[in-house]
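Before anything else, here is the set of structures, which you'll find just below.
There are two complexes below, and they share subunit A, which is joined by subunit B in the first and by subunit C in the second.
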Partner chain A sequence: MSVALKLDNVTKTFTQNGKTIAAVDDLSLDIQPGEFFTFVGASGCGKTTTLRMIAGLETVSSGKILFDDQDVTNVTTQKRGIGMVFQDIALFPFMSIRDNIGYPLKVAGMPKSQIAQKVEAAADLLSITDKLSMRPTQLSGGQQQRVAIGRAIVKEPKILLLDEPLSALDARLRTEMRTEILRLHRRINATIVYVTHDQVEAMTMSSRVAIMEAGRAAQVDTPRQVFRAPRYESVATFIGTPAMNVWDMQVTGKAGQPVLQGGGMTVALTREDAAALDGFRWVRMGVRPAALKIVPQDEADFSAVLHLREPLGFEDECHLETADGTDIKLVGRVPDTLVEGASLHIAVDRADYCIFHPDTGKALRHGLAPLTAA
Partner chain B sequence: MANTNQAREGAWISAAIAPSLILLLIVAYLPILYALSLAFYDKSAFRPDMEWVGLANAEWLLAQKDFWAAMGRSVVFTLGTVGFQLAFGLFFGLLLNQAIAGRSVMRSLVILPYLLPTIVIGLVFRWILNPEFGVVNQLLLSSGLIDRPINFFGGIDAAMPSIIITTGWQYGSFAVLLILARLQSINPRLYEAARSCGAGTWRCFVDVTLPNLRTTLLLIALLRGIWMFNKFDLIWIITQGGPLQATETLPIYIYEIAFRDFDFGRAAAGCVAIFIILLLFSFIYFKFFNPTKEVEVNR
Partner chain C sequence: MTREFAWRWMRFLWLAVGMLFVCFPLYWMAVTALTPRTELFRPPYDVIRFSYSLENIRELLSATQFLTFMGNSLIVALGTVVINVMASTLAGYALSRFEFRGKKTFVAATLWTYMFPPILLAIPLYLVFSYIGLRNSYGGLILAHVSISLPLNVWIMWQYFQVVPRSLEEAAWTSGASRLRALIEVLLPSALPGIISAAIFSFALSWNDFAFAFILQTDIAMFTLPVGLATFVEQSAIHWGLIMASSLIVSLPTFALVFFLQRYLMHGFSIGK
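Right, the complex of A and B next:
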């Protein structure tokens, strides 16, 4: 099967006030037909720029973009046959909802009766049938969002581009729309390229995600793999709420029997870990808050003082401080009797931790499974 | 209790704005009323008295062939100048909205004609369009486009188009400014959205630019329509309504009744006619185009 969308060493530089910055820096990836592919990352990392280059709204500084193995690098937006939903929705204010949704078909010169039929179908899919004769300003944010999606899908594009389409919505509506977009994806069978800075959206919706950092993709993987086997410390701390605990650890102990010491704890290394850490004096230890457990003293890796607990509902988020002053977080079901100031004994889940390079942040070991060569 | 309080407050408000209302009445409305009332009197400039004649002035006016001819010329002049200004404004507005070299300089230059006093414009255009030594004729002659100089303001056929272009040129920059301001307030995302829907440049113009400009164009048409229908100064400066009566619009015609024939009563009847026409025009405009709603900016 051909690749639906291929970015081939794509770079985009902007020059402002004499300074040149690379908004997207030598990005290469393949997106398969029917994928729900998400670019996620902090503000300014180049997500929108990437999407705009895919749409043809921005030229590439170098590199190539291919749709279905066809080079479209120099094809204009209107000829790329994409559907796009913009972050700020951008419905045509002077047109009715019906005309907004039908616009791509009108431009394509489709007969009126056929347009009406397709618009009805799209409106039905997005449950906005009763809004068709209204103007965009008469609709709520969520409804406008649906209209924008309707306009993007009505022509049944093979590639659908969505730039933070849910960012303007309140939390409840966002969750609702998330499900609806997923359902839509299943129905329309298009390749979706989705941009968000919300890692929850990225993790819950995508078949694969690209974690963007300063114009580069730090990791391209399935959400599960990104969560369990982050390639970099930065990826590990970006994905997951609350963020992964990371602290410095010293590699010490007898030769052939190294241990990690730091954060008030000492951990014996497995043979594989020891081999991977050979030659390091310092490493960074990463443990997800949910991989920490409150245990009886004799099973504990270290002890810590409970500073604050924030109820999340089912579980609590606990702010702890270890003996050497490292702040860490633990998420789990904690007995109600534990009050702030209590001293706790904590164990690290041996199957769920990461060890990172102290300088580059590159992952050296994952507790789950050894990382395959990067 | 609350009612008396409100009533007292209302009285205070009335008392507070009364002086300015009265002033406005005296300064603005009384002279207008006086002028309009003259239409029902026989009033000569040379006699202190005036005699009530009812609709006699109006009847006289409506019976004049010259009145209807002037009315026709006014319509032509208004449509011509407003059309010219819209076209001028649209062209330069769109041009200056592009990222072209020297855009900011051009933007300041385009406002210049609007800042020039009318008398200067009148004299300058008489000069450059002069049949003997005007630069336009020189250029046309030397480029071989014409072989006899055109008498722009002096020719029966050329005078009206020439005066329309001159007036349109003077006020065109006003249209450019309004249109440019509106163009710059259009969300660029709308163009991108249109392109992502498959629209090319022309469709973008028709479906994004024009609907956004609609209210601005209507506003220019209304304001400038009224203004141009009343236009007197530039025409008077350049042609005084001539040659023969080629540029004699309603205001010029009325002026001549008042200050050549010194018949203020009949002139006032002419003013009432203009007033009624413009009233009708505005009524139609507000009734059918609903400008207050249109002017709302919704993106």
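Right, the complex of A and C next:
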């Protein structure tokens, strides 16, 4: 099967105040037909620039972009045959919804009767059939975004690009539209490239995600794999809410039986960890809030005082403090009887932690899944 | 409560005084225009009159070159509007969408031109136009009017295109539309209020111009209305009835323009969002 979209050493540089800055730095990746591929990262990481280069709205400084093995690096936006949804929705304000959705077909010179038919079909898919004669300003934000999606898919593009399409919507609508877009992806036969700064969107919707940092993809993987086996500390702390706890720990203990110590905590590790820790005096240990458990004293790694609990509904987010004042977050079902100020015994789930290089932040070991070869 | 009430009335009072200053001359113009000449200079000069006639207007249309002046004014004003709209739209688009050398200087220069009073430009233009044979022509006067109205219009259109989101245009491109097609079908409708303000501004400027027309058009057959009206003031007599009648007619298009297009002007500020 051919690759739907291939980025081949793509670089984008800008000159700012005489200095050359790489917004996208030597990015290479393959996106398979029908994939829901997401670029996620903080603002300025190069995710939107990458999408705009794929769309042809931004030139490529060096490298190649291929659609279906065809080099499109120097092909204009108009001829790339993509569909795109913009962050600010960008509906044509003076056109009816019908004309907005039908615009790409009108440009393509399709007969009116056929346009009407296709617009109906797209509107039906997005449940906005009753809005077709209205103007964009008469619609709610969510409905406007549906129209924008309709305009992007009406020509049945092979590649559909979405640039932070949900960021203009309020929280509840975002959740709704997330499901809606996923459902749409199942129904239309298109490769979706999605850009977002919201890791929840990235995790819930994507087949694969690229975590972007400073113009590079820190990790390209399935959401599950990114969560379980983050390749870098930065990836680990970016993905997951609340963020992963990361502590500076000293490597002590006997050969073959390493013990990590620091921040008022002591965590004994196993023989399997020893190899990864070999040669390190200090490491950074990452534990997800949900991988910390309240246990009886004899099973505990360390103890901490409950400072604050925030009920999330099903679970609570607890802020703990160890003997030497390190803040720790724990998420779990905590007995209601525990009040703030209580002393708790905490254990680290031995199947769910990460150890990172103290300087580079590169993952040395994952408790849950062995690190796959780069 | 009462304090607020008092302030309110104070404001209305000020407005009323202001309105009086604006409206009374207009009213007096209209009344004078519609008063027969025989009654015009016979006291008492009542503020409210009851006998009206179209005598002045009839004379204006039959015995003077008013219609020629009007035709000249219309041709020159329309020419000015057409050139302004086309040039300022394209220039505004280019300024808002492309980076090029000297852009800042160019934009600053458009405003510098406002530091010169029209009369200062009119005399050199007279010499130049005499030399190249553009004096006493529609084209010459249109060019002169464009030279003073276009800079501000370029500025206006530049501002307008900056407000129209780029994504609107990009949405058209990703829909397959070429740059020109996107400009015409997507950007222009969004910038319509700007285009209409540019048109009104250049029309008003051309319609009201005296300095350029007075200096560049030496042949009475090429006079525009403001210059033509001045011919009603003769050494021995000032034809107030004729002046007021023609003033009345001259002011009608401006009123009509603002009245019918203000809807667009007001609407304009919310479009493109």
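Here, the second predicted complex is superposed on the first by the 371 of 374 C-alpha atoms of A that agree within 3 Å, B and C clash if a C-alpha of one lies under 4 Å from a C-alpha of the other, contacts with A are read in each partner's own complex, and residues count from 1 in each chain.
The rule is simple: a residue touches a chain if its C-beta (ideal position, glycine included) is under 8 Å from a C-beta of that chain, and two chains touch if they have at least 3 such contacts.
Everything numeric here is computed off the predicted structure, so don't read it as measured data.
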Message: Please determine, from the superposition on subunit A, whether subunit B and subunit C clash or fit.
response: clash
- prompt: Just subunit B (first), just subunit C (second), both, or neither: which does A:Ala275 touch?
  reply: neither
- request: Give one of first, second, both or neither to describe whether A:Thr77 is in contact with subunit B, with subunit C, with both, or with none.
  value: both
Query: What part of subunit A is shared between its subunit B contacts and its subunit C contacts?
result: 55, 57, 76-78, 82-84, 86, 88, 90-94, 103-104, 107-108, 137, 151-152, 155, 161
- request: Write out the stretch or stretches of subunit B touching subunit A in their complex.
  value: 187, 189-190, 192-200, 203, 207-208, 211-212, 214, 298-299
Field: subunit A residues touching subunit C - in the complex, by the definition given at the top
entry: 55, 57, 76-78, 82-84, 86-88, 90-94, 103-104, 107-108, 137, 148, 151-152, 155, 161
Message: For a test of understanding, state which residues of subunit C touch subunit A in their complex under the given definition.
response: 165, 167-168, 170-178, 181, 186, 189-190, 192, 271-273
Message: Which stretch or stretches of subunit A touch subunit B in the complex?
response: 55-57, 76-79, 81-84, 86, 88, 90-95, 103-104, 107-108, 135-137, 151-152, 155, 161
